Amino acid sequence: MDKQEKRNMIARRVAREFKDGDVVNLGIGMPTLVANFIDGDKKVILQSENGFLGVGPAPEPGQEDPDVVNAGGQIVSILAGGACFDSAVSFGIIRGGHVDATVLGALEVDEEGNLANWMIPGKLVPGMGGAMDLVVGAQKVIIATEHCNKKGEPKILRRCKLPLTATKEVDLIVTELAVIEVTLSGLLLREVAEDSSIEEVKEKTEAELIIPDEVGVLR
Amino acid sequence: MKEIISPGQAAKMVRDGMSVMVGGFMVVGTPTAIVDAVVREGAKDLTLIVNDTGFPEQGVGKMVSADQLKKVIVSHIGTNKITGEKMNNKEIEVELVPQGTLAEQIRAGGSGLGGVLTPTGVGTVVQEGKRVINVDGQDYLLATPLRADVALLKAHKADRAGNLVFRRAARNFNPLMATAADLVIVEVEEVLEIGEIDPDEVVTPGIFVDYLVMGEVQQDG
Amino acid sequence: MKEIISPGQAAKMVRDGMSVMVGGFMVVGTPTAIVDAVVREGAKDLTLIVNDTGFPEQGVGKMVSADQLKKVIVSHIGTNKITGEKMNNKEIEVELVPQGTLAEQIRAGGSGLGGVLTPTGVGTVVQEGKRVINVDGQDYLLATPLRADVALLKAHKADRAGNLVFRRAARNFNPLMATAADLVIVEVEEVLEIGEIDPDEVVTPGIFVDYLVMGEVQQDG
Amino acid sequence: MDKQEKRNMIARRVAREFKDGDVVNLGIGMPTLVANFIDGDKKVILQSENGFLGVGPAPEPGQEDPDVVNAGGQIVSILAGGACFDSAVSFGIIRGGHVDATVLGALEVDEEGNLANWMIPGKLVPGMGGAMDLVVGAQKVIIATEHCNKKGEPKILRRCKLPLTATKEVDLIVTELAVIEVTLSGLLLREVAEDSSIEEVKEKTEAELIIPDEVGVLR
C-alpha cells in the first residue's frame, strides 16, 4: 500500500464509526479525508471550528467563496441547512458536548487514552488551535494516524512523552494496521488489517494490547 | 451616526505599546486594509491578541514580519513560520492559548466576568501557572478576562448606527473582540443607512463600534 | 429533518420529577401551547428553570397554579403573587438568581464550562453559600452551570433542519436554554424548508433542537 | 406638588444627566418616565434588559407588537438602528460596562452608596430580576426616588437595613427635594428644590449630608 492508499483506508474505516445524525468535527490533514467516505445514507453534519455547521465539498471552479473556508484554510461550501456563528459559540458547541465525534491525527497516543498532537518541544510549536477543546469536548475522540512515525517508530505508546493535548480522552485509534479501542483496562485490539497480523501489530505497538478471542478484519 | 474614516486614520490610533485585538481566522475576517495601514504607520511594541498570525505576507503576519510586536496571545502560529522563528529567537513573546479558551477570555473581558472555568488544558502544559478550581469533583482551569486598547475588526456590512452583520466564516472572533476593547474600529464592505438592517439580524450592536472603515469589497465566487 | 409533533406529544415527554427550562420573559417568548399541554398532562414535582413565573393565568404561571412544581430557579416572581404565596407556605422552593447570572449559568451548562465568575451579588444575600473567588484584587461569585432534562422553547421560525430565528424581545433565554437541556422542544410560528434560512441568519443551529411544535401564529401589530 | 408632579420633576432632572450618545437602561416604574424628558438634541440609546437596544415610545393604537415589550412588560417600539439579542448578550452589555447609566428606584440608599431595592423580608420578595447586574455593571447608577417612604420615613440612610441589591455602586440620588452625589467622603448635597430648603432636606434625610458652599437649585 502506498501512502495515499493507507490514508484512504484509514479514512474509510473511520467514516464507518459515524451514526445517522451525528455532528462531527474533522481535524486538519488526514481526518479531512474522512468526509469523502461517509455513507450517503447517513446524514452526518460536519462542524468547522472557525464557525459553521454544514461543511460541504469544495465548490466547482469559479464558485469559490473566500469567506467559506474550513479550519484548515481550504475553500469548501456550506450545505443548505447550515449555520454560521462566532468562535465562542463554536467552542461552546465543542466544549459543551454537542459534537458527537471528532477525528484527529496524533504524534503519540497511549494506553490511558492520552494524546499528544500539538507540539514537539524545540522543533515544532504550531500551537494547539482548537485541538485541546475538541479532544476534551467531543463525545467520541477518534485518532486517525499511521501506525508508526516517519522513522518507523511506534506512535501508540505506554505513556506519551511529548506534551499532551489532553488526558484520558481518546476512545478509538484507527491506523492502516489496526483498530484499537481505549478501554478502562487498556488498549483492546478490535480489528487487524487483512494484509497484516496480530503479531505485526504487537511488534509495531509499544503499548500493551489486550487481544480478545475474536479480532475483526480491518478493510 | 458613526464616523467613516480611512485605513490610515484608523492606523494612527494604534500607538506604540498598545494591546490590539485583530479579528480573523487565517486572514478570513481580518481587516486587511487597516492592518496594511498599521504596518505602514509602523507602531511598535504592540501586544497582539489574535486567533492566529496569518501568513508571512498576509494579514497580521505582516505585523510580525515588520517587527511591530512585543507579544502575541494566540491559539495557532503554524501557518506563519516567521512567528515561530521570532519566538525561538526570543524576539516575540508568544502565549499559546486553546482557541475556545481564547474566545471565552475575550468574551469575559467584554461582559464583565472575572473569568470562566474550562476543562480544556487540564493535565497539559496549559495548566502551568493557572489556578485549578474543582467544581463537583471535576478540575477546571480559571481563564481570566482579556481586554485590549483597540480592536481592529472586519464585518460584512454596517449601518450608520454601527450595527454589524458578518459573512460566513469571516465572523469568527470579530463579534467577541467588539465587546472587549476601549476603541473598536471596523472595516466593512458596505455601509447602509440606519434602518436597513433589521434589529433581529444585527449580530453586533452599534453601541460597541467607534469607527467604520471602508475596505475593499470581497469578490464573492 | 426534525419531526413536528403536537403540543400534547411534547407535554408527554415532560415526566414527573424532571428539571424543565422554559423560555420567555413575562410570557413573551414562552411556548404557551406546549406549557398549556404540560398543565393538561399534569406532570408533578418539576424543577422549573425560568426567568420569571409569568402571571397566575398566563405562561408558566399556570404550572405554578396547578401545583406542578417542586422548585423554581428564577430571577423574578413579582408578576405572579401565587408563586410568592406558595414560597411563603413552603409549597414551592424558590431559588432567586440575578438575571444575568441565570443567563450565564445556563450558557455555562450548555457550553461545557465549570462556571463563571460574576461580580453581581457580591456583598448581598446572593453571596450566601457561594464560593467567592478573588481575581486581580476583586471578589467574584462562582456561578455554576445549570442544565435541565428538557427545554421547552419558543422561536419565530424554524427550518426543517431545526435552525431557529427569533423575533424581537421574544428571543431572551430561548437560545441559551437550547444548548443546555438533554431534550429540546421548540414551539414555532412557521416551519420553513431547509435552505430557506440563510446560514448567516440562523440564531440557534438545528443541532440543538430535537422536536418542533406548531404553535398559534402571533398577531403582529 | 401632587405625586405625579413630583415624579415628573424627578424624571426631568434625571434626564439632564445623560450625555449625547449615552446608552441608558431605565428601571421599571418611575425610572421609565425619564424617557419622556430626554432632550431631543441628545441621542440617547435606551437598552431594555429583556433583549434589545433602541427602545422607542409606545406605538399608535393598532400598531402594537406583542413581541416588543420593555422589561416592565409595557408595549413599546424599537427605533430604526436598534438591535435584538439574547439574555446572555443583554447582561454582557450590562455587566461589561457598556451601559453608561442606569436609573433605578430605591427602598433604601445609604452614605456608602449601598442600595436596597429588591426585597422586604417576610413581605415583598419579587426577586432581583436584572437589578443586581445593572447596579454592578452600569458606569453610573442614578437613583430616582421620592425622598421619603409612604410612612414619611427617610429612605436615604446612614446604613441600609434591608437586604442589599449591591454595595457601593450608587453615584447619584435624585428626589423631589434634592440631588445628592455619592462621594468617597459621603453624601454631597448638590441641589435643593426651589420650594424646599437645606434644612428640610437634612430633616428628611437620616444620612449625614455634606453641604458645600454652593448648593444649586433643583427644578
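Each chain gets a letter, A, B, C and D, in the order it is written, and its residues are counted from 1.
FYI, a contact is a pair of C-beta atoms (placed from the backbone, for glycine too) under 8 Å apart; a residue touches a chain by one contact, two chains touch by 3 or more.
Keep in mind the model is a prediction, meaning the values are calculated, not measured.
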Self-check item: Of A-C and A-B, pair with higher C-beta contact tally
Solution: A-B
Exercise. Among all other chains, pick the one whose mean CA position is farthest from the mean CA position of subunit C.
Key: A
Practice problem: Just give me the whole-number Å value for how far the CA centre of subunit A lies from that of subunit B. | Solution: 29
Quiz prompt | Whole-Å gap separating subunit A and subunit D, where each centre is the average of the chain's CA atoms | solution = 55
Quiz prompt | Geometric centre distance via CA averages, subunit C-subunit B, whole Å | solution = 32
Exercise. Averaged over CA atoms, how far is the centre of subunit A from the centre of subunit C? Could you give it in whole Å?
Key: 35
Quiz item: By residue number and range, which residues of subunit D touch two or more other chains?
Solution: 52, 78, 84-85, 88, 91-92, 94-95, 136-137
Quiz item: So which stretches of subunit C touch two or more other chains?
Solution: 104, 107, 112-113, 118-119, 166-168, 171, 199-200
Quiz item: If each chain is a dot and touching chains are joined, what shape do you get: line, ring, star, complete or other?
Solution: other
Self-check item: Set of all touching chain pairs, with the criterion as stated earlier
Solution: A-B, A-C, B-C, B-D, C-D
Self-check item: Interfacial residue positions of subunit B with respect to subunit C in the complex
Solution: 104, 108, 112-119, 133, 135-136, 138, 140, 142, 144, 165-168, 171, 199-201
Quiz item: Quick one: in the complex, what on subunit C touches subunit A?
Solution: 107, 110-113, 159-161, 163, 179, 194-195, 199-200, 202, 205-208
Self-check item: subunit A to subunit B touching residues, read off their complex
Solution: 48-52, 59, 62-69, 71, 73, 78, 84-88, 90-92, 94-95, 125-133, 136-137, 163-167
Practice problem: State the interface residues of subunit A toward subunit C in the complex, per the touch definition above. | Solution: 23, 45, 52-54, 78, 80-85, 88, 91-98, 136-137
Quiz item: Which positions of subunit C touch subunit D when the two form their complex?
Solution: 25-26, 28-29, 51-52, 74-79, 84, 87, 94, 96, 98-104, 106-107, 118-126, 166-176, 203, 218-221
